[in-house]
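Each in structure tokens, the structures are laid out below.
In what comes next, chain A is part of two complexes: it sits with chain B in the first one and with chain C in the second one.
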Partner chain A sequence: MLNSIGRILPDYVEGYGTVRPFMGAYENLTKVERKGVSALSNTCGGNKVREDLAELIGEIDIKDGMTLSFHHHLRNGDKVLNMVLKLIGGMGIKNLTIAASSLFPVHEPLVQWMKAGVVTQIVSNYISGPVAQAISTGELARPAIMHTHGGRARAIESGDLDIDIAFIAAPAADAYGNINGVQGPAACGSLGYAVSDAEYARTVVAVTDTLVPYPAQRVAISQEYVDYVVVVDSIGDPTGIVSGTTQITRNPIGLKIASQAVDVIEAAGYLKEGISFQTGAGGVSLAVAHFLKQKMLSKGVIGSFASGGITGYLVDMYEQGLFRALMDVQCFDLEAIRSFKENEGHQSMSASKYGNPHNKGAVVDQLDVMIMGATEIDLDFNVNVTTGSHGLIMGGSGGHSDTAAGSKLSIVVTQLIKVRNPIVRERVTTVTTPGETIDVVVTERGIAVNPKREKLREQLVDAGIRLVEIEDLKNMAYELTGEPEDLELDDRVVAVVEYRNGTVIDVVRMV
Partner chain B sequence: MIIQNPSCAGAMESNDILIMLHPSEDGVQIQLESKVKKQFGRRIESVIKTTLEQAGVTSTVVIARDKGALDYTIKARVITAVNRSLGGGSYE
Partner chain C sequence: MNRFYRSMLFIPGNNPGMIQNASVFDADALIFDLEDAVSIDEKDAARVLVSMALETFDFKPSVCIVRVNPLDTVWGREDVLQIGKYHPDIILVPKADPEAIGTCHALLQDIEKENDFKPESIRIIALIESAYGVECATEIIKGSSRVDGILLGGEDFTADMQIRRTPEGRELFYARTRLATLCRAYGLQFIDTPYTDVNDLEGLTFDVREAVSLGATGKAAINPRQLEAIHRGFEPMESDVHWAAEVVATWQQAKEEGKGVFALHGKMVDAPVFARAEKILKQVEAVRGEELINHVE
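Let's turn to the complex of A and B:
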């Protein structure tokens, strides 16, 4: 069958089930039911603390086919997922589903558990490194499910993603299960992605290296959700927690793109009192924040909030008084963690509050301007950030689709060509984010507006922004690179890409 | 013309290509490694081949390590490698 953006999908995918096709970004926003949760009472102050992870794993009765969840705030420094699987891997348990909000190169040991049949399904919002490679080449028995950050929260709340045991890496916890992200050697700030897991998993295990006296302060996940607190030597390597990309680009092409993106924001009328803004941590995206800051300072504009993964750059803008608040689902660097500890206006948000389309209001819906990247973008403005042009998985939506759908002005900033690959192209390898939610693409060789945004186009033209058609961008790129040959992929589906509402926007086939 | 002296040009940097020419008497053979081989491998090989033909080279083994070079870069690197070979050859 075809979904509404013309991607060919199987009606049924073995190991996934019946495919509900994507029929539009704003379809399926109706009344929903949240799942019921069974909880084992812990009364009279029963002891939750276990000194040994192996002992706890023996106690909680992990069975074949269970779903174990993890969060990714420790990013490439995470030790908890590998630690848990190392203990479970040798127990003869099979067919586990690993629901990790993101997976990084550090999670390479997962590949061996995939090959051994211990792990037969992975559910995640972003996968990079050896695990992504192994999924792409067919090492995982069932197709992986790729969510958005908001979509994962939706899936957990609805019961689509039914978690048996949530292992929550806890930078600090007290003995009765109150967790915070601001103390201990692996302090990572916000714990936004772990909140739904804690609220909806049948069993919740806090794994910590820093046991603090009861009651813990600055609680991110509260005792009423937590069954056990396990104390281990170390939950994460602080050097891997900090993202490596939080520097403004020095590339003049990137700076040109960023400065043009700010011109677009101004021309579209958003550079005014109360502006809300989000940008990724890539070099060009951060440069947009840099130029926006100059404009806001020179015009005396005070924004309402900046959101998302928070970087030191946004902290700097907040501390200079350019935003009244920071809405933070995940701290990207040490500056953000410091600010999260110190600044009252620097607030945590859960993944559900951030981007779940099936709750009573997500932060993305309050967002004016979103700056985002793209691995590929097609003539209908559909964006791929899931696979590379070689067909291998190398990322995923994260908050891409959520913010594109929610924000009033979503701007893709990208070089037109990267390593010979035309970024603007006839057809993207995988659709992550539907073109109907993307408003503008800014490249060094031209700016194109989605033809569905007629009013925006007029505004930009009236303000003197020179526009081209997206076909022109594609032609300019192909003139330099040549037309890319079609990939020859196997028929087997190795990953199902779910849009934030749970419908299938595309599938990834085996390389 | 047969390539008699080994030579090279270019670099293994992003958006560049390293072209190495080796002596051979069995016609032009190309061994290409490229991050974009799936999408552009045939085109890159054809640019190398045509450039060699235009330079009058009939026999050589080309080892090409591509990091996303565009056609004009590939041509320039091939021509320089041929000229270096004619000038006595060098891997510098």
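Let's turn to the complex of A and C:
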């Protein structure tokens, strides 16, 4: 069958089930039901602390076919997922689902558990490194499910993603299960991605290397959700917690793109009092923040909030008074963690509050301007950030689709060509974010506005922004690179890409 | 020379990524460098790369300049012979002296004949970077009718003079003034030396102001990030453009009324003032690609 953006989908995917096709970004926003949670009470002040993870794993009776969840706040420094699977892997348990909000190269050991049949499904919002490669080449028995950040929270709350045991890496916890992200050697700031897991999993285990006296301060996940507290030597490597790119690009092409993106923001009328803004941690995205800061300073504009993953650069803008608040689902660097500890206006938000389309109001819906990247973008403005042009999984939506749908002005900033591949092309390898939610594409060789945004186009033209058609961008790219050849992929579906509302926007086939 | 180049951006001739993207920075001219940016073992490869780039890519509206190796080296002549076939707009001759300019002129003459190019359609800019070059700049200019301008190479010049290059640039005062004056005298462009600290945009802005005040018509850049400050510095201020447009329009009217001199806002406008106004508008036309003085005879 075809979904509303013309992607061919199977009606049924073995290991996934019946496919509900994507029918539009703003469809399926109706009355929803949250699942009930079956949990054991602990009303007698029983001891939650366990000194040995192996002992605890024996105690909680992990069975074949269970779903274990993990958060990714420790990013490429995370030790908890590998630690837990190493213990479970030798127990003869099979068919586990690993629901990790993201997976990084550090999670390479997961591949051996996939091959051994211990793990047969993965549910995640972003997957990079060896695990992504292994899924792409068919090492996982069932198709992986790729969510958005908001979509994962929705799936957990609705019961679509039913978590048996949530292992929550806790930078600090007290003996009764109050967790914070601001103390201990693996302090990571906000714990926004772990909140739904804690609230909806049947069993919640806090894994910490820093046991603090009761009651813990700055509690991110509260004791009423937590069954056990396990103390281990180390939950994470602080050097891996910092996101890869938190410096403004020095690449002149990136700077040109960023400067043009800010011109677009101004021309579209959003450079005004109360502007809310989000950008990623890439060098170009940060450069957009840099140029925006200069404009805000020169015009005396005070914004309402900046959101998303928070970097030191946004902290600097906040501390200079350019935003009244920071809405933080995860801290990208040490400076953000410092600010999260110190600044009252630097607030944590759960992934559900951030981007769940089925709650009573997500932060993305209050967002004026979103700056986002793209691995590929097609003539309908559909964006791929899930697979590379070779078809291998190398990322995922994260908050991409959520913020594109919620923000009033979504701007894709990208070089027209990367590593000899055209980024703007006839058809993207995988659709992550539907074109109907993308407003503008800014490249070094031209700016294109989605034809569905006629008013925006007029505003930009009136303000003197030179525009081209997206087809022109594609042609310019093809002139330099040649037309990309179609990929030859196997029919087998190795991953199902769910849009934030749970419908299927695309599938990834085996390389 | 018809075009006015505020900026000339150096692009290493051995860097395919930079070459491919060279046109996106809106530099008035691009200098594909086969000399200092390219190590000895990459000279041949860079020559081929730049040749292919000239053949394949459209760098418009930027003008394409190639800095060849010095013509007294084993690479220099070969550079001109190979690159010339792909018709760059301009050859930048390093370590310029009258002999080098003459050699380049003769080589280009042969290339144009062999390839059926319009005579003297490949132009020359002399890169003057020695005390000798500064002192015999007149002979350099006279050395070929293809010479459209002079670029001052401040680093090599100060090395030759055995003096230190400073951010303030006082040591370049004489060379800049002399070359700017000579270029003005012969109706050529004088392109100022690049500012070498790419992270010091404040210093660059000061340096551009200095160059403008001494009569430079443009400035070379070694990083695209420098272009904005250079363009800003070499563009006439909006108030000057308004004034010039008013002078030219009123001059037209006065001429019809048979007046050679008239007053505008209480100030006398005569032929030299009109010429200055016209020059400002031509400068803006060249940069913006708009016709501002098409109604002037």
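Convention: the second predicted complex is superposed on the first by the 511 of 511 C-alpha atoms of A that agree within 3 Å, B and C clash if a C-alpha of one lies under 4 Å from a C-alpha of the other, contacts with A are read in each partner's own complex, and residues count from 1 in each chain.
Convention: a contact is a pair of C-beta atoms (placed from the backbone, for glycine too) under 8 Å apart; a residue touches a chain by one contact, two chains touch by 3 or more.
Quantities reported herein were computed from a predicted structural model and do not represent experimental measurements.
Enquirer: According to the stated criteria, A:213 is in contact with first (chain B), second (chain C), both, or neither; which is it?
Expert: Neither partner.
Enquirer: Classify the contacts of A:252 with the two partner chains as first (chain B alone), second (chain C alone), both, or neither.
Expert: Second partner only.
Enquirer: Regarding the shared-chain residue A:300, is it in contact with chain B (first), chain C (second), both, or neither?
Expert: Neither chain B nor chain C is touched by A:300.
Enquirer: Does chain B (first) or chain C (second) touch A:485, or do both, or does neither?
Expert: first
Enquirer: Does the superposition put A:390 against chain B (first), chain C (second), both, or neither?
Expert: Only chain B; A:390 stays clear of chain C.
Enquirer: I want to verify the contact counts: of chain B and chain C, which reaches more residues of chain A?
Expert: Touched residues of chain A are more numerous for B.
Enquirer: Let me test your reading of the model: by the given contact rule, A:361 touches which partner, first (chain B), second (chain C), both or neither?
Expert: In the superposition, A:361 touches no partner, neither chain B nor chain C.
Enquirer: Given the touch rule stated above, what does A:444 touch, chain B (first), chain C (second), both, or neither?
Expert: Second partner only, chain C.
Enquirer: Starting from the residues of chain A touching chain B, keep only those that also touch chain C in the other complex, and list them.
Expert: Correct list for chain A: 417, 480.
Enquirer: Note which residues of chain B are touching chain A in the complex, please.
Expert: Residues in contact with chain A: 14-15, 35-36, 38-43, 67-71.
Enquirer: Using the touch rule from the top, collect the residues of chain A that touch chain B in their complex.
Expert: For this pair, the touching residues of chain A are 389-391, 417-421, 480-482, 484-485, 487-488.
Enquirer: Once bound in the complex, which stretches of chain A touch chain C?
Expert: 250, 252-253, 255-256, 417, 444-445, 480
Enquirer: Quick check: in the complex, which residue numbers of chain C touch chain A?
Expert: 20-21, 24-25, 57, 223-225
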